[in-house]
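Here is the structure we will look at.
Chains: A, B and C, in written order; residue numbering restarts at 1 for each.
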Amino acid sequence: MKTHNPLLPKIATIADIIRETGDVKTFRVILDDPEEMAAWSHEPGQTAMVSVFGVGEAMFCLASSPTCREWLEFSIRRAGKVTSALHQLEPGAKIGVRGPYGNHFPYKEIRGKDLLVIGGGIGLAPLRPLVNFMLAPENRKDYGNIEVIYGARSYGDLCYKEEVFRIWPQAEGVTVWTTIDAPEEGWDGHVGFVPAYVEEVNPSPANKFVAICGPPIMIKFTVKGLSGLGFKEEQVYTTLEMRMKCGIGKCGRCNVGAKFVCRDGPVFSLSELAELPQEY
Amino acid sequence: MDSKLLKKDKLPSFLEHLTGNSMLVAPVREDNILVYRPVKSVSEVELNPGKSVLPPKEWFFQQTEALYRYNTGGGQLLLEELVAEKNAVLYGLHPCDIRSLAVLDAVFRADPADRYYSARRENTVLIGLSCTAGWPECFCTAFGISPVDGEGADIHLTDVGVAYLVEILTPKGKELAAKYTDFSEEKVAGLEEVKKAKEEAIAAQCSVRVDKDVLPGKMGRVFDHPYWEELSRRCLGCGICTYVCPTCHCFDITDVSRGTEGQRLRCWDSCLFRDYTLHTSGHNPRHELYQRLRNRFFHKIKYNYDRYGIEGCVGCGRCVALCPVNIDIREVFTTVGGLSV
Amino acid sequence: MKEITEILQREAVRLFKEGVEYLIGYAAGSIPASTRPFFAARPEDAADLIFNPFCVHNLVKYLLRYPDKRVAVVVKGCDSGAVDRLVEERHLDRSKITLIGVPCGGVLDRNRVLAELSPSARIEQVEDRDNAFVIRTKQREHVFEKRQYLMEKCLVCTKNNPAGVDLLVGKEAPRVADPERDRLKEVKEIEALEAAAKAAYWDRLFERCLRCYACRQVCPACSCTECSFEQAVPGWQQGAMWVAKAKTLPDNLHYHLIRAFHVAGRCAGCAECERVCPVGIPLMLLNRKLAKDIEELFGEAPADACGALCIYSPADPDEFA
């Protein structure tokens, strides 16, 4: 039997590419080996390494819910070498995938609770699988209401428009608030930054699990706002980003204190983060 | 545990017999730089080596190593793993370096185990060598490592005067030692005393003490102390300490292509380099040198204990000897111990 | 030695009173026969300043970290040349810098000295007796003849009394260079080798390079805020490398030869690159070779702080056209 090599990716094909915004695309990826694809399982919040051979590898959150068995989805913003190379690929292109890595949102522990999800821009990507997981028919009864507060710089920068404007608001027990930073022709929704909007919406902390993801500055001010609304650090979770290479806790670079973000994260509660050096 | 006596002049022949058709990796002197290299003949080996510049970790965790080949031609993607599975005998590890392998094991062999490191670890027999003298920078005893104790090696040699005391410590070592039959029949008394005397003589040179029950906790309380910024003022931000350190294991992964074919390589990296944690966005969690230097010492003195329950430093003293600006980890221990918080 | 240290400490206290924020000098090292760069920030720190023949470091590089502060720095002759270049290249504001020149009797080759002293020797005193340094340990006195024990760069040094400094902490030191020494001896020997032998010589050395970048980090001529070999640029260039991160012989050669050209004409000759290399690559051979070539091609231009390769003149040799 061949010994498992954790650095060797599985070969996968890009099945479809959805343009979310000017610089974000969602890649639907299917592992070439049908057995591997069938055996793949991940939990909401986990990540995977995506390879473009000849260019490099980078870690992305899995944007698809574990309940989706047809493909894996990665929502990727064009920013550097690997992401630019990915953006130039067409459906049918071969890439490498290895994972899933890292920890996940404590979806079992929060059964019976309500969910508040706050996202900024592409920050909605790691939160989306959590929402879709909870909305899946087999899981819906385990969770309470779902509130989504989501904003971006402009309408064009909002990701997952289909879910945000149509699917989620129509689902049972789900309310979605959206906002954009500055007024825009054709937009008659809320205008303003996410942290301020959160205070306006004034969600209740009772029986609530909160997951936030977005630009660091958005998280910083949102957390302040939530604290003012009575939310506790133990009930608020976020995901950290770090430069990663191995993804399996060996190359050393993604550490925050004694934790490796690739293994012990990317999901951390605010109370866990408070105990770590502020180097992230 | 079995022990034998080997007359000193028989050491080359001993190594030859044990190596057989495997590869012998041993200390060699290249232009007065002592390193561990595969050798073609025992005559190349420095049989009584001092402290090498590069630690023997290089054999298990190569400076640059090909992970796999890829070929993206013809719309297909083919991957070919490149794992070295050759048998080897690694001779001449001092106890500090032997212990360093336990530290590296905790990283590389933890689930999911690294194939490349593990293959070499499994296929290499370790022949340790007790120190005959300490160097001014050595302080292995601070971590409870004894300069004459071969624990972790398969076979361990100690110079006891006219001969080597050969301790066979593992079944792997026993199997290999069985290939040699010319041990000395002489019965020499007081070998344990000789070993103890050597240990004490070397230990006496080291005045550093590290209390592993106290120091890691203390480190946690001095994270924001200005000491780290002061210490970093003379630091050049080069990678010497990380590269000569037997327990440092950070690496980078890069692709090198020619047309549609190429290799994915891994190579040593240093947490002191500016771009070590630089995000694509331009954000750098450790953008100042003092943050990177502090992070390194925290790894060595605290995070390793926190994460793996084993020290991150083995007191080999290479970083102390080779740091161009005399940043001395022993002083860091002592200073941190004395800070009042 | 003692006298220089005393004057240095006195001047340091005075400089702090005059508003200097940092004084970069040398303090005692923690291993035998060594010193370390020391950053004095208050008058009380002056008492730790020393000067002895183990003060090998070129402290000028550190000035780049404090471009807006008033800094004083201790310089030997081989260090001070680097300041002019950096000022010319507008990295440094000369008016903010106080150069404390030391009349240097030469720097001892630490490894050769330690081979003579016992490993546990504690050096108590060092005296400069013009032709030799006398080192007193607890046990005895050792005489180290300069011709045998100084660093290579000292034996061909023509500027051991630094010029262009703001103060000199001692009397002018006698010439240290050995008049019989040909600074280009080894360079010429290598030049005379057949191509294959020359390649083999350099391949063997650069095979050993670890790419620790200590040579670059210590070099005052390497003053780029972002080195070409990092190119860690945010945006689409991220990860694009001129030289692969991985260590291979071609990439090692690439790195060293390109760096030598970047430094050519600007090299101060402090030889720190060679000193810090953990695997003993004689990098100064490259720098001396390029300096020799520049002199042959462009003539000696010592007054030109910018270096021959930074200035264009229609009279420059042109073998192309």
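In this section, a residue touches a chain if its C-beta (ideal position, glycine included) is under 8 Å from a C-beta of that chain, and two chains touch if they have at least 3 such contacts.
Just so it is clear, the model here is predicted, and its values are computed rather than measured.
Relative to the centroid of all protein Cα atoms, the closest per-chain Cα centroid is that of B. With chains reduced to the mean position of their C-alpha atoms, the one farthest from subunit A is C. Computed centre separation for the pair subunit A/subunit C is 51 angstrom, with centres defined by C-alpha atoms.
We define each chain's centre as the mean of its Cα atoms; on that basis subunit B and subunit C are separated by 31 Å. Chain centres here are Cα means. That of subunit A falls 39 Å from that of subunit B.
Residue positions of subunit A touching 2 or more other chains: 55-56, 79-80.
Annotation for subunit B: residues 252, 254, 266, 269, 278-281 touch two or more other chains. Residues of subunit C in contact with two or more other chains: 234-235, 238. Residues of subunit C touching subunit B in their complex: 29-32, 34-39, 57, 61-62, 119-120, 205, 208, 210-214, 216-218, 230, 232, 234-235, 238, 241, 244-248, 272, 275-276, 278-280. Interface residues of subunit A facing subunit B in the complex, by the touch rule stated above, are 3-9, 11, 53-57, 79-80, 83, 92, 94-96, 216, 241-243, 245-246, 248-258, 277, 279-280.
Residue ranges on subunit B touching subunit C, taken from their complex, read 30-33, 35, 53-54, 63-64, 133, 135-137, 205, 230, 233-234, 236-240, 243-244, 252, 254, 256, 265-270, 273-275, 278-282, 320-322, 324-328, 330-331. Subunit B makes touch with subunit A in their complex at residues 67-68, 70, 72, 75-77, 79, 81, 83, 107-108, 110, 112-115, 118, 223, 249-255, 257, 260, 262, 264, 266, 269, 271, 276-281, 283, 285-286, 291, 295, 298-299, 302-303, 306-307.
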